[in-house]
Amino acid sequence: MNFASDNSWGAHPAVLAALARANEGAVMGYGADPVTARAEAVIRDALEAPDAVVRFVATGTAANALVCAQLAPSFGRIYCHEDAHIETSECGAPEFYAHGAKLVTLPGADGKLTPETLRKALEAGAGAGLNGGRNAMVSITNATEWGTVYAPDEVAALARVAHEAGLPLHMDGARFANAVASAGCSAAEMTWRAGVDALCLGGTKNGAMAAEAVLFFDPAHAEGFDYRCKQAGHVFSKQRFLAAQMLALIEDGLWLQLAACANAKAQALAEAVTAGGGRLLAPVQSNAVFAEIPAEAHERARAAGALYHLWTDRPVEGLDLVPLRLVTAWDTPEAEVARMAGLLAG
Amino acid sequence: MNFASDNSWGAHPAVLAALARANEGAVMGYGADPVTARAEAVIRDALEAPDAVVRFVATGTAANALVCAQLAPSFGRIYCHEDAHIETSECGAPEFYAHGAKLVTLPGADGKLTPETLRKALEAGAGAGLNGGRNAMVSITNATEWGTVYAPDEVAALARVAHEAGLPLHMDGARFANAVASAGCSAAEMTWRAGVDALCLGGTKNGAMAAEAVLFFDPAHAEGFDYRCKQAGHVFSKQRFLAAQMLALIEDGLWLQLAACANAKAQALAEAVTAGGGRLLAPVQSNAVFAEIPAEAHERARAAGALYHLWTDRPVEGLDLVPLRLVTAWDTPEAEVARMAGLLAG
Amino acid sequence: MNFASDNSWGAHPAVLAALARANEGAVMGYGADPVTARAEAVIRDALEAPDAVVRFVATGTAANALVCAQLAPSFGRIYCHEDAHIETSECGAPEFYAHGAKLVTLPGADGKLTPETLRKALEAGAGAGLNGGRNAMVSITNATEWGTVYAPDEVAALARVAHEAGLPLHMDGARFANAVASAGCSAAEMTWRAGVDALCLGGTKNGAMAAEAVLFFDPAHAEGFDYRCKQAGHVFSKQRFLAAQMLALIEDGLWLQLAACANAKAQALAEAVTAGGGRLLAPVQSNAVFAEIPAEAHERARAAGALYHLWTDRPVEGLDLVPLRLVTAWDTPEAEVARMAGLLAG
Amino acid sequence: MNFASDNSWGAHPAVLAALARANEGAVMGYGADPVTARAEAVIRDALEAPDAVVRFVATGTAANALVCAQLAPSFGRIYCHEDAHIETSECGAPEFYAHGAKLVTLPGADGKLTPETLRKALEAGAGAGLNGGRNAMVSITNATEWGTVYAPDEVAALARVAHEAGLPLHMDGARFANAVASAGCSAAEMTWRAGVDALCLGGTKNGAMAAEAVLFFDPAHAEGFDYRCKQAGHVFSKQRFLAAQMLALIEDGLWLQLAACANAKAQALAEAVTAGGGRLLAPVQSNAVFAEIPAEAHERARAAGALYHLWTDRPVEGLDLVPLRLVTAWDTPEAEVARMAGLLAG
């Protein structure tokens, strides 16, 4: 019973089959192969963005950090939520790639920025002069680090604030499929139609082994990006094996089916939490449950071998309610979800 | 008939099988899984280096550049051959990762540094004072960019010069398996017994999809390296899929069989070059042939659809002898090698 | 009546005289001259630190950022107050020089960190693993950005927390002279005797044109620092003109006289603020007054031509009390201080 | 008798007087002062470039490296002479500031690039693809590191090649005054009229204490430059003391008088070298003499206490002709020049 992370789980059989298919014969390296071309095309189609520049890298940190370096100069200010992955979980990769750019972190309920908070912060940053650096970009995560989902109109409201300040909007979509599946909108509505300029479209948590797509909806934003990826060691010589993974997920809509499947399991766990006297710390809108559960439920679950992260850096001994995070994947076994739900519901 | 690069070819069935095996059940991410642990152990065994720190990344550029950043400060001088991959083919990745470190390039026949050339350069560098930066490390490639192989005693002679100057020796082993198979020595004799401090052990050109190992024979050299990889976006969340590839290659000696197979095909092509009136530009000791062939042979080969890189940046029209590079892989079909040999031999 | 900043004011005549004296004859460049040697010696004496490494740069931002790069790797976490100059006023210089290191900012009354806040933050950081980067150093400012002064025992308490975590302690002493003069202790008591590992000793705000000293009390901390400064373009070829400024200030104790003079003027203004119905926002312990003054006093002062910074990024129209900062320098004319005091006192 | 470097010598009395004048009263910091405004205007006038952006920094390395970072991305290729100061004498500052950009060094007689060499190199670089990085800028030094001077038409020829490749041309003018004085042209003819896009106009070697101007003739090239300087710690709070130095040199043409004076002394030494049986290693066109002199002359000079750099990194014992560099400054005493000339002439 592993609810520690969606990256604890595996790759979809279609991904492995695609890798096997891509392993036939010889092609030219570094992306000059038909699988890469096809994967790019399929993703442009899925996003209804025929002009978008699509590239592939292997990790979400690489995707995010390379986009930050692309859109922000070394003296840039990058605005994000205080719990954003780029701030808390990438070991300073954005700052490293952007040579010292500063992440300006903002509070917001349920892992979301609000337009008003963002506007005020951008105004303060614009007034900081040389001392504070120059406003460069805004980054949001969807689904968020708290498992919630920005609806397209929420994205659009933030995009308006960013654009009014002359800044591009980046979406960290490590769990983009979960967000789209949850919102019931199209991928285009969630992104460029709402004003998103750059998207990191995660594959790894969605059933790939290690694959992410980076999209720039305006090709001008991608100027030089291939060099940047190359200099970072993020261009695969056998690039087709990256592209094939994304291709397998995106064509025929598998990505959204897998995401919906993971989301549903999280809903089941969320209901069990509530039924068992626990409390949700944020609305459950994607494939993660942030909750406090009764200490007895925690003990039951641990005794049964359930794996998950506590959501505090303090000791939980003696607490009546234990804060935790449960993450589901497309391949978390239904039986394990049901068993865990039973343990939570008590 | 693709002789453009060994990365034009694919992954060994054992690698795909290993990926499928690694795709069972849930494990913890970021390398805290049994496949990663086993791959590290198998590589330590293969190198007879029980204390070595072993890590995995997906590209050779990442491996080399991260090692450079690990061993050289921003003001460091990194000595290498003027045709070294880190100088010519990584888009400045070592300088980027090491924040401005300077590659000092040296000449040398057949892609090899000589101890005397290196010693003089290190002395000059040591005398450059603040102006020139500080001597930091020496990097060699084995097999070299010219398809030749340093024998263990040649490595040892360079290591002595480096160590006398207080510098560590790095070996870019993108084709390390080919070098070891060619030299007929052990991997240990080729590396730490000869004085190598850090090794990039290539998997991608040896039958992996995208996997390289980095070894530091003295754990002190690896201090902080995990953070460095993480900050660069080169730590996979599903790390087992990187490790599994290397594991499949290394255990049971598959890596050396595949390398020997590729090397033998290059020998066959080399003999055909000579038989056909061509001239080898360097001894063929691994899986690459650098040669000049008669213009007619070139025309025959192109007409037959053979793919390979010309080894000049000038037009070849009108030349009697056409310079080119032919690279073989473990899975270059024997029939294609034979056919190409026929075209070369005329 | 300029109370905008101490850098609005000039250089002491002794500094100009020292520059003129240093301008005689020819010497070797880049610090290999007798003035530099003497300035280093005088500073070591003033700090009672015969083994300290002393270097000179022209700006406080350079001094701080170079020390950060010296003590923190790219993946390091640098702990400081949320109002620290390195966070708010250096345009990301520490992150730039340290190639992406992350400033972790902490709250604290009156611009000061407390040992308890620091200890908790270091513990949280130590638990952040690869995601969060590695704890690297602690930086405090003395006198602080709020014009307060850490007493030696307060410094020592923070140093103990830093050292227990294995981290060095840096002191940004852009106004170090003001702090020492205010605390009535020795420079040694304020620094290495209390556990400070690296000190940026400001000259510019203390009567120099543009000169700061950097001290590493343990020479091991200075390893490679000269190369770092050179690579940053912060080594002057005519280095004696930097050193001469610091020499003029430090020898014979001029620095502390000037600082005491500036501090006393701030006290006079502080008393006037209180007398006039205003409120101090922080204790006035050095040469800066942070206060709220009645709107009428603000209007009187502005009408009289007084220059100072408002201490808010919001409009002050309609406020009863106007927040502001007043900074004094050794050469702020006594008459202007008296006049401003009169305007404040009403 | 110090002929080691022009930075061994001092500042002109007019520079000290200007510093004293700038030290009156209070002004706003960071360049918002009338001295800075006037210095910028005077330099624009001197260059006949009313739209140029002019900024001041304290060292030539800072000036060059900041311009490189401004004009080249991290993956950029910067073309320069193999003896360029940015390659040999700045400890990797350009690579550091430009985050890993690669200096591509080219040969050329007398320290000069030729259009043909440059054109071929740019073509090769353009063909290097992702592997080699992207062509970004061309940098020349005038006067060169060998004391020669590019005439305006030589600059123009190089600028045409650079511009045809879409690249800006930078001129490292650490000794720009010497070049202009030598060529007998206007500063405009030597720079923007010939196609120079960015100029580092050296003050330090021309009679300042530590001051250089950076000019971008097209303001678009200066976009964000102020932030870049600030983040590097190269913006002085009391900026007027930088600007005043340049102002004193440029207004009334003092800079060219001082340069002509230094140049004339070098001519005198050059004639003495030839008269004494020595050999010039390059034409003497500015304030440096590169020559081989008879061993006896070298012994005579050393015995008389003359200071200069040998121009080899090998031992000179036993050589008949000793290679050396002699540099003159505006304030090298005439008597010392005459004495040295006597020693050389024998």
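The letters A, B, C and D name the chains in turn, as written, and every chain counts its residues from 1.
The working rule: a residue touches a chain if its C-beta (ideal position, glycine included) is under 8 Å from a C-beta of that chain, and two chains touch if they have at least 3 such contacts.
Keep in mind that what you see is a predicted model, and the values were worked out from it rather than measured.
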Query raised in the report: Which chain has its C-alpha centre farthest away from the C-alpha centre of subunit A?
Result: D
Query raised in the report: Which of the two pairs, A-B or A-C, is linked by more C-beta contacts?
Result: A-B
**Report entry** Cα-centroid distance, subunit A relative to subunit B, in whole angstrom
**Finding:** 34
Report summary line: When centres are defined as mean Cα positions, the distance from subunit A to subunit D in whole Å is 50
Query raised in the report: Where the CA atoms of subunit A average out and where those of subunit C average out, how many Å apart are those spots?
Result: 41
Report summary line: subunit C touches at least 2 other chains through residues 74-75, 90-93, 96-97, 99-100, 130-131, 133, 227, 230-231, 235
Query raised in the report: Which residues, counting only subunit B, touch subunit D once they are in their complex?
Result: 74-75, 88-102, 123-124, 127-128, 130-133, 313
Query raised in the report: Residues of subunit B touching subunit A in their complex?
Result: 2, 4-5, 7-11, 16, 19-20, 23-29, 57-66, 90-93, 96-97, 204-205, 209-210, 227, 230-238, 241-242, 307, 332
Query raised in the report: For subunit C, which residues count as touching subunit B in their complex?
Result: 30, 73-75, 99-100, 130-131, 133-134, 224, 226-228, 230-231, 235
